[in-house]
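Just so it is clear, A, B, C, D and E label the chains in written order, and each chain counts residues from 1 on its own.
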Amino acid sequence: MIHVLAADPTLADFGKDPVWITIIKAVMLFVFLMLGVLFGVWFERKLISRMQNRYGPNRAGKFGLLQSVADGLKMGLKEDLFPRTVDKVLYLLAPIIMVVPAFLAFSIVPIGPMVNLFGVQTPLQLVDLPVAVLFMLAMGAISVYGVVLAGWSSRSPYALLGGLRSAAQVVSYEIAMGLSFVGIFLFAGTLSTSEIVKAQEQTWYAVLLIPSFLVYVVCMFGEAARIPFDLPEGEGELVGGFQTEYSSSLKFALIMMGEYLHTFTASGIAVTLFLGGWRAPWPISLWEGANQGWWPVLWFFIKFVLTFCFIVWVRASLPRVRYDQLMSLGWKVLIPVNLAWILVVAAVRNVVVNNDTSAVSMGLGAVIVIGAIAIWLRFDTVNQRRREAKKAQAEAEFEELSSEPAAGGFPVPPLDLPHYHGVQHKEIPSGTN
Amino acid sequence: MTAHYLVLSGLLFAIGAMGVLIRRNAIVVFMCVELMLNACNLAFVTFARQNGNLEGQIIAFFVMVVAAAEVVVGLAIIVTIFRTRRSASVDDANLLKY
Amino acid sequence: MSSLWLPILLAVPVLGAVVVALLPKGADQVAKQVTLAVSLVVLALTLVMAFQFPSAKGDRFKFAAVYDWIPSFGVHFGVGVDGIALVLVVLSAVLVPIVVLASWHDADGVRTADGTLITPKRSVKTYFSLLLVLEAMMIGVFAATDIFLFYVFFEAMLIPMYFMIGSYGGAQRSYAAVKFLLYSLFGGLLMLVAVIGLYVVAGKSTFMFPELVGAIQDPATQKWLFAGFFIAFAIKAPLWPVHTWLPDAAAQAPAGAAVLLVGVLDKVGTFGMLRFCLELFPDAAKAFTMPIVVLAVISIIYGAIVAIGQSDMKRLIAYTSISHFGFIVMGVFAMSQVAQSGATLYMVNHGFATGALFLAAGFLIARRGSPHIADYGGAQKVAPLLAGFFLVAGLAGLSLPGLSSFVSEFMVMTGTYASKAHGSGALTVAAVVSALAVILAAVYILWMVQRVLNGPTAEPVKAFKDLNVREIVVLAPLVALIIGFGFFPKPLLDVINPAVNQTLVNVKVDNPAIAEKGAGQ
Amino acid sequence: MDLYVPILVLAVLAGGFAIFSVAIAPFTGPKRWNRAKLDAYECGIEPTPQPVGGGRFPLKYMVTAMLFIVFDIEIIFLYPWAVSFAPLRGDDGRVIASGLGIFALVEMLLFIVTVLAAYAYVWRRKGLDWD
Amino acid sequence: MQAPTIEYGTLAPMLLVFGAAVLGVLVEAFAPRYLRKVMQVPLTLVSLGGAFALVLVQVIMRGAPTEAVAMGAVAVDGPSLFIWGVILVLSFVCVLLVNDEGHFVASAAAVPGSADEEEAEAAGGAHTEIYPLLLFAVGGMMLFPAAHDLLTMFVGLEVMSLPLYLMCGLARRRRLLSQESSMKYFLLGAFSSAFFLYGTAMLYGYAGTVSLPGINKALAGGALLDPLLLIGFAMLGVGLLFKIGAAPFQAWKPDVYQGAPTPITALMASGTLVAAMGAVLRVFWVGLGNLDWNWRPVMWAVAALTMIVGAVLAITQTDIKRMLAYSSIAHAGFLLIGVMATFDKSQQNAGSLSAILFYLLVYSFTTVGAFAIVTMVRDPGGEAGHLSRWAGLGKRSPLLAGVFAFFLLAFAGIPLTSGFFGKYAVFAAALASGSESGDSLGGWMTGLVVLGVVASAVAAFFYVRVIVLMFFSEPAADGPSIAEPSMGTVAVIAVAALVTVGVGIFPQPMLDVAHQAAANLFIR
């Protein structure tokens, strides 16, 4: 049974607002995000401190609530440095390019159903597009330009490398992320966020499409460049990555803001696409009015904050991975698993939705499932581990034999004899012959 | 309305074509070609709107695919030649003539 | 229906060529013998066929055989001979064994008496197999009754000759070979356009000659197509001003090849004019008669004058041929039965006469290693036999009465003189002017003969040996034919005349000369 | 087109804010000129700034960029496919437009297998490894 | 929404080739190095052979099908099948050449002369990727002329071209030349495909569709002087004419032919030309058929210019491959004469279409044979490209030189070679179309044919010059060596020579096939 609420906005409900409502909504969203950043920073620092058994900011304002504001003011009052070598125009443009799309990406996140806003029935979402998710991805991709330009215009090796790394990382995870949405579209049949939320009335996609969701969660960190995937900054190795030359002042603040906004967007998308959006979770949804009026804003906000908490929690718990590990995970695990999963979902959907239980359809489904399992096994680390173990064993054997020629009848003199390579100082690593 | 887009597309195409003819760096020439392809995409999408069918937009997808493949192939070739010659100038590649 | 004579005649030399080409390396002697044998077989077959000709069936083309070759183009493998073609086929068949014998040592590398190498040793097998291929093509080109097939032979014939000149010729051989090939090819391609045009315009979906006669009515179209054919033939039968390839080619070719080149290949041009230009495009032919006759007269005079100035024997002979070809072309276009019969006869006689002259000159050159007339002198004393043959051949070249060329030249001139084909007396004037050439011919031949044979014997010439048996066997039949047909051309004319009459009927020439049958005798 | 107006409004807000922040910075902060302060940072050693036109960077990134393009394009095709895979139903559950069904499944299977073949090649040739 | 369908059976030949190409990629991925070649070669050959068999099956089972399959994206009709068959056989033959050792670099990415390269050489084996690349290119060649809309055609064009760009840069010897040719080919090729695409966009704007019959239909009722249409047609023409190397877009051909590894040159000179010509025919006859009064004068000029440029510039060449490239340009001009020879009467069209198909067949086989011979004449530094090195080859290796001379004569169109009948067929078709019209066109066509004849004669000069060099010149003391040919090369040359001789003497069977293929014309 499909229970349809009058309050559920669809794509058709958008684009009808009067201009002033549009402006009000836009301003509201803008303010929400600005405040979100300010308090998000504080919240994260506070949370992480508690996890690490310390207090965190507690000087500025009650509970240190104004800490971020103070930080912001301080940044605004610092000297605005222009390193001598930078490309001025791009150097200035980069933070702007990073922060604007970050704002825009959030505009397609539905925060609530149709509400009465100053007497106008309007969906509580800035805008919805037929290609909303694509729009979100596009905005995420534009930010990459900011990163690369920031790195490039700085004319500094660290910055350049950081920018490139960041770009490589973001684009890599963007693929996996994009693929993880395909399952949703297979179910929802649309790219519009409001309709995807509507389609999750019965079951969250996080439940239906667990693998997609897991992949998304991993990608979320990669996309937003959060620990454990905050390689672009990599202060340990790259000083500060692409933002090395943005030492202080509001430009740096903009970059930080952009990154936070990406984290928010990632959470918002997670809530919208996988966690039922603004819909009340199960026990509450039994209450008739839960999904009407302004209540859903609360549910959305709770889910949103919890997701953000999760992100912070991960930051507190996990160390940063190596860059090659990061890329390997993205390219060698997430993508193939995702592709296989998509086919499985499609095969199942084909049987279920089209009621196509013909032999061809079933057979195809079986083939795909088996193929997916095969791919999974192939990409599974167990296999690799076995192979590496074998290799290690062979190497150990070689070591043993080469160190004791008499024991195994190895027909060569020990490789470390001085006359063998000591004269030329030519290093012959063990393991070669 | 669509006329403006067409003019823009024509301009982009012309700029790309001139770039191919005038510029000497292989990478720049190559990017000019990409510019031309994107001008085509703009024209396709504009016409799709004008004609009221989706064909043009679908074509734009395919053009992107092809452009991507061209990027992959083209950069590989140019990088190889750059590594060999330490120069990506089209003029420096002048061994082939009568 | 189909007679197998001509297909067999074509197949024998081709098979022979294959056999020769496949002989093992070093079997040069065998190759020569096989070639000679094959060419003799062909000669025998041809002669048998020729003797059966008067009694053979067929209205115009006898021994006709028609097979589908490329139905989608309307192309047939159509062969058959009328009188004109027959005599030319016989000419080819006669000349080939003689040439084989004459060029017995040509590929072995030519050495002068003192042992200097003029041309290095080349593949003997290749030479003789090319020769046999060429023979097949020569027979084919005369016997083809399908215009397309004619064209194919016409063009394909170039290739063996090209290699024979280019590989086995004198010092300038590759230049000469290329010039020869390009001239002919260019003409051939123009002809190709005309051939296609003929096919398309006639709309008969066939290339068979008899069906295409009279198929084109529109005079303008006729003129265009005529031009296409005529230019090709004019190049082939070197007519001034497109003659320049011949002296080079003939001078550089080995003597044997030169004989075939001038004696047979060039006849394809005049044969083509007579057969195709006239019959397919009668109106155009009539319209163009005067310009062509003028060209022919220029050729006659020009060839003769230039010949006088030559210091190279082979070049001289080549230029005399240009003059002679002028006569033939004039005869063809005089549009009278006597003149055309004379022209046809001239084709045959010229083959024998010039062949003999080339071969005799070739033997001289083989001894001295130089084509320059000035290098000889007094050869008469050391090699009387050779000198004698040389003299007879030379006299045949200047159309001495009693030798075969005289008959034909006389027929051409009287026929042209009497021809009313062009209304006014223009042809009469042409005949009169061309008579000048008789005097010029006496100058160039006699002067050459005098310079080569008489005078004090030069030192290198003293070492000359006289003709050996092989060489006598080569020259004797030719001289015999020259003298024989000089006194008794009737057998040839009997064969030629009906065919020429048929041609004139097709051209619709209302000419009183037809009645004066055999006026030249 | 109207759908994009709100985005434009938000973009104006965000852009205005960003530009304002960048533009205001020189006026709010102090100015204390110091040569060393304006050098590019390089862990304290004499800096070697990148040349104009950008430095050379490892080819590896180019390969990644190309791979990204390839897979991104794959996604371009996957999205429309996914959206039109299932039949479109109206509010009353009636099928408005039928899905592409098994045809689409087969085609996508072929497509993905093709991409996976290229992917396997890249992998095996160490195109996905970072050293 | 109607679920789309794809006629897998009808498309099987193409799908097989693409499938094998994908399989080839997998072999590259998973097979160990020493096994790769052993696996790739049979895979390639079997797939090409199998695809050819499928084409035959299609022809035998269904006669000449005329249908637009895959939702009107691909036209499987007589000419398509004929071209497929020709391309498959040609590429099969070319694979035999590719298979030969020593043509391809061990590692394309290694800098010439570097330690990397040395290492790659020492490790043995060349890029076996060449086989899947080749299969992709062949697949593209099949798709390109069979495309029934301009988008599919564009995709086919690129699928054909991209692997070729790469393969051009893989020559083992003279790496710099090879890489340079690759880059030039790529830049110019991409440039021209941008033109093709923009032309497509304009036609889409004009007609509202990119389907060829759709465009034709729009032309039937629409304004013929619409700037969109004219720009579109002109740009589309540029893109297509570039691919066949028609003047004034011929500049790439000599460079690319010279620099590319010779087996790849052979593939380009044959397969690409065939495919591109097929596409030209389809676009101009099916798509722009109702515009013929607009494109005809342009085509006339292009054909004339192409023949003249090809023939005249070839004379000045001193490199054998460059010379063959210019010869290929001249031949493209001759083929364009055939394209001109289209007319409203379908019988005439069938005539000239079959003439072109026949010409393509005979020319491409001869050309493959000629390039196969080029691979065998070698200097220490690679193939002996310079013409002076070919002097006296007739003495050192009479058979080889003889066969090559024979191919050259076929190019020149001497009777009793296949080239003659090809030329004849095209000229005849052109004159026939001219004669039917009864208006000024007849004179123009005749003029074009005469120009073609003049160009042939000029072209004959440089062919003959090579023969002169080979046979009438003395060999140089340190002349090139003749490589001991592999079985594959011998087979290629033998096949090419057989086709050239066989068709030269008995053209009828091949003409029949071409007629049959052309009988129903392109589907519209």
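Everything that follows uses one rule, which is that contacts are C-beta pairs under 8 Å (C-beta built on N, C-alpha and C of every residue); 3 or more make two chains touch, one makes a residue touch a chain.
Everything numeric in this text was worked out from a predicted model, so none of it was measured.
The chains that touch both chain C and chain E are none; no such chain exists. Grouping of the remaining chains in the absence of chain E, by touch: A, B, D | C. Set against one another, D-E and A-D show the most C-beta pairs in contact at A-D. Of all chains shown, E has the CA centroid lying nearest to the centroid of every protein CA atom. Chain geometry summary: the mean Cα position of chain A and that of chain D are 12 Å apart. Measuring from the averaged C-alpha position of chain B to that of chain E gives a distance of 25 Å. With centres set at the average Cα position, the gap from chain B to chain C is 64 Å. Inter-chain centre distance (chain C to chain D, centres taken as mean C-alpha positions): 82 Å. Residue positions 72, 84, 99, 101, 104, 123 of chain D each touch two or more of the other chains.
All chain pairs in contact, by the document's touch criterion: A-D, B-D, B-E, C-E, D-E.
If you check the complex, the residues on chain B that touch chain E are 6, 9, 13, 16-17, 20, 26, 29-30, 33, 36-37, 39-40, 43-44, 46-47, 50-51, 53, 55-56, 58-59, 62-63, 66, 69-70, 73-74, 76-78, 80-81, 83-85, 90, 93-98.
Against chain E, in their complex, chain C makes its touches with residues 69-73, 123, 126, 151-156, 158-159, 162-163, 166-167, 173-174, 177-178, 181-182, 185-186, 189-190, 192-193, 196-197, 199-201, 224. Within the complex formed with chain A, the chain D residues making contact are 2-7, 9-11, 13-15, 17-19, 21-22, 24-26, 28-32, 37-43, 47-50, 52, 54-55, 57-58, 61, 64-65, 67-68, 71-72, 75, 78-79, 82-88, 91, 93, 99, 101-102, 104-106, 108-109, 112, 115-116, 119, 123, 128-131. In the complex of the two chains, the chain A residues touching chain D come out as 2, 4, 14-17, 19, 22-23, 25-27, 29-30, 34, 76-85, 92, 95-96, 99-100, 103-104, 107, 126-129, 134, 152, 154-161, 164, 167-168, 171-172, 174-175, 178-179, 181-183, 185-187, 189-191, 239, 244-245, 247, 249-251, 253-254, 323-324, 327-328, 331-332, 335-336, 339, 342-343, 346-347, 349-350, 353-354, 356, 358, 360-361, 364, 368, 375.
By the touch criterion stated above, chain B contacts chain D in their complex at residues 61, 64-65, 68, 71-72, 75, 79.
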